[in-house]
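Below are two complexes that have subunit A in common, paired first with subunit B and then with subunit C.
After this line comes the complex of A and B, so read on.
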């Protein structure tokens, strides 16, 4: 049957989430910023691209009055740009906050964005789902469409991976690492650390926005509850499991998380407790995550040094 | 931790991971040849996690009856159950998982995720029978692979609008929980009321998880409507009604399907609820029999969407029985003829199987609804308007299916 469809869907989800993880790894892995607004950047990218490429619906529940029919690549670009702008905006106002205070501000910013999307139906269709989102080049690719889309996402992931890894290894990246380890040191060397943090925030948010656009143009319809904080936490789990600081780790961690969410769907329904299986499935996922972190506390591909950064042990 | 220890642990981890994927593969291989596998995709977690179990129990009852009576010369039906997590992305994964397992039909989920599944279901040519999506957005997309065993909100909305018109009320305030389903129902009420010459004074969304709805209620009171139409599930409704009584508002209040239960009156108190209005689909022709069997099997009364899920399972099984084969095409092509007239009226799979064996056509009469599909895969059925009198929901007026679908303005042709 359609095993291929499932494999391609899962692979595409892995690709899109990998982009999110790459962005978050720039924030957390490289710069040490506790960003909990990732779902919001994803949402901004998705909604911007969808609104720019999908004319308003008609009918009784069609509350959206804003919409255009620009080409999809314009939507994707605009989505990434706006997400970057949102990232810089939130960073400008709060990046000087330390650790957990920044986490709180970003988390509430993400919820604010989601509630605005939920309530401003004239712009986003609100709870009614922004529907009828076009897929790029549908009907004019010579191969299976799902395969085409997966290859497209894969290409973007590969490009972003190379770009971000290069950034991390460049002088720019080394300043970010220094900020992460101890912000006083690069400050003492005359680096404008706030400015570096803004750039880090903007870049990571841009890639999340691009991921949002790619996702919106794949799933036909988007609704505000696709962008709950649980999405942010999932990406956090992926980055931590993959190993913070490693871009390959971010991708592997994402593949692992999306993979176990999918594999647990194959547990047959006729086993004991099956009536409660859907809940048990989520428990199993949680236990697996705990198990991985127990055996690999610094993640699958992370390095020990990164984990110890800032601690007594690491200072030795 | 030493390097050596790390390597060992890594190996152990790989073994564990290998074991986990072996479990997964075992699941793939276990769809035995002679079994017919159906999918059940429903919200078991997330925002609507409370209705998945109701649907599961309804399907479970029908499943045991179908397997007892024997489908297609005694082939066993099994259910592959997948969680939508009330989230479109998880719903898509669940859908594709079911598709990849070769299910012949899916008993389907709620309005929240249906828009994301319409196209995939059509692409996979896989019948998807929702047992809980009332949204107007599905009014004209079904009939081939998309079906539902609950009436569209446009039908229930008409019942409320028509009752208000019959009372001579000229102005109505709409208020609704700010979610997809409630917005849809409320829009349908307003649309029909206006088509009958009524006037809508305002639309007030109610944020979920609020601590108070007093300011919203004051806004509505200041609009000075003849009647208030309020659409929300139990939690929002209970707080709203509480605040409504505290503020001493005297305007008639019409509530929505979800709260038309004895439990809700008990929870709120008979005095508080006295005189409240509501409407609900009149129970289907087979409801009483269904409810007693359900009580016997699960030890509780049927919940929201239990009956429609029971019906969906029966209809799919009957469609296969009529076609004489278990395939997606067979189900898609036979659902309407087993659900809608003409034919001998049957209320269970066993009765239907018997009638089909005798060469009759059948007209399945469901637990939730008569289940007479129209050309777009929607069902209509009678709706009752009820009022709380002496602590009980008492029927005050019933609108027949034909009254609710006759032309004369209204919401049957809506949305894309």
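After this line comes the complex of A and C, so read on.
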């Protein structure tokens, strides 16, 4: 693979994952919700769009009997919508729970979704991959396709960034921030905080669903293994490293994490301990995470003043 | 006497074996200031929590502006015009002073997703209107210079003032204030009291105020509700309650 190809691939992954981080930043950074179901929203978006745009399998080993050939934008839209609906649904059942319980419920929900995808082969191809997912405008763009797709993702990231930042800076975002700080205060001021949390959940899940669709139509084949809880943790790390509450931080944090993971793949194989490389890579990532959080606990682009406000160090 | 804006009827709340509020019944007339007094642990804050819906009552009724509200959630009661403050300040530490104030604006069209994204003229004008009111209140409370400061960086007294300002921002019909003057410097206390007096006489706002400083509460209130051990012991004018034997005993007993 030429360096240019690889750079585009990595940049596209960064873009798709940035969308996930933007959604999670609305949940955690703006609203203080411990959502650990992000990989599931991503999966719902990916599978919904793939199924709606890819006809059923044929032949002897055909597994999936459901499929359609709607245009890709319909699939993307439906994926985002269904992910939002799933987000609202899980929020309805659990958003009244205190933080840690919400984390557990969402994590279990995500695993449940993944198992359903794994087991319902008639719908999803199950453990085999759902293959042959169409790529938008393939063969009809005047530039190389990888570049086109990267620009497409970049455009979606830019649009989402502007949209979510606008929400966060609006009176709507102000109520979300108040929920994050102390839910009883907006409640005492007449805000239906449950409703605001549902909206936050839905919006963040929608963007994760859109990311899933963009992922599916990029990688051509998807499997349940792409949607493990470790993906959710990776996005959490990105949001925290970037600085919870900052949408630019969410993007930078994602680039940082995806970047480290990819860069450590280039260590030549003839160095000492090369066979231990996967472990060394994990150690390197861990050490970098600790270093960032040690020197900038508020994240790369987080608001230090805000984090210190009200704490011992912040009080003067 | 005007009609009662608020009526509590047989309110009861227990925590485990402890009866924190025991069959509390009282009325507050519209456009008046009522002082809620009683020794520590008398059940004053719990009563506020029952009135505002933060605690569900074990028994009893709350009638606000002629309607039963005991089945309503705290936000619904607040939307109807009953706003409470907290004894232990609940400033939103990671939000700036101005944002704390603006949060309290009622019926803000910018608090919907569509409103926030479209940012129409009505959203902007509502926001502008809220800013003007916030500026007025913050200047009065001597917090204007601190408007871009995070609320978590304010002193204890300033936090109390911010909480009061935020409650006033909501433009309530009835304001339940739980020790609004605690920790506020004495010069400002007098100005606060006169502002409360103005709001009552000019805008017809109704107040229920929990306050431990007897001189203050007796001088500002039209009516005093005295509690002890969860029960309403004494209700009347400040003079009546001041000279009520039962109340004196409650305080003496409580301070031993």
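Everything below uses one rule, namely that the second predicted complex is superposed on the first by the 300 of 316 C-alpha atoms of A that agree within 3 Å, B and C clash if a C-alpha of one lies under 4 Å from a C-alpha of the other, contacts with A are read in each partner's own complex, and residues count from 1 in each chain.
Keep in mind that, in the parts below, a residue touches a chain if its C-beta (ideal position, glycine included) is under 8 Å from a C-beta of that chain, and two chains touch if they have at least 3 such contacts.
Here the structure is a predicted model, which is why all the values come from computation and not from measurement.
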Next on the checklist: I'd like to know which partner A:185 touches here: subunit B for first, subunit C for second, both or neither.
Outcome noted: second
Checklist entry - Per the overlay, which chain contacts more subunit A residues, subunit B or subunit C? => result B
Next on the checklist: Quick one: is A:296 in contact with subunit B, with subunit C, with both, or with neither? Answer first, second, both or neither.
Outcome noted: first
Next on the checklist: Looking at A:203 after the superposition, I want to know if it touches subunit B, subunit C, both of them or none. Which is it: first, second, both, neither?
Outcome noted: second
Checklist entry - Is A:6 touching the first partner subunit B, the second partner subunit C, both, or neither of them? => result first
Next on the checklist: If we overlay the two complexes on their shared chain A, which of subunit B and subunit C does A:163 touch? Say first, second, both or neither.
Outcome noted: second
Next on the checklist: I'd like to know which partner A:101 touches here: subunit B for first, subunit C for second, both or neither.
Outcome noted: neither
Checklist entry - Does the superposition put A:175 against subunit B (first), subunit C (second), both, or neither? => result second
Next on the checklist: Identify the residues of subunit A that lie in both the subunit B contact region and the subunit C contact region.
Outcome noted: none
Item to check | Residues of subunit C touching subunit A in the complex | outcome: 52, 54, 73-76, 78-79, 83-86, 90-95, 99, 102-106, 108, 110-113, 115-117, 119, 123, 127, 150-153, 166-167, 170
Checklist outcome for this item: As the complex stands, subunit B meets subunit A at residues 9-10, 12-13, 16, 20-21, 23-28, 30, 44-47, 52, 56, 78-83, 86-90, 92-94, 96-97, 99-102, 112, 115-116, 118-119, 124, 135-137, 178-180, 183-184, 187-188, 191, 205, 411, 414-416
Checklist entry - Can you list the residues on subunit A that touch subunit C in the complex? => result 163, 166-167, 170-175, 177-178, 180-182, 184-193, 199, 203, 305-311, 314-316
Checklist entry - Can you list the subunit A residues touching subunit B in their complex? => result 1-3, 5-7, 9-10, 13, 57-62, 118-119, 126-129, 131-132, 219-223, 225-226, 228, 260-270, 274-275, 277-279, 281-282, 288, 291-292, 295-296
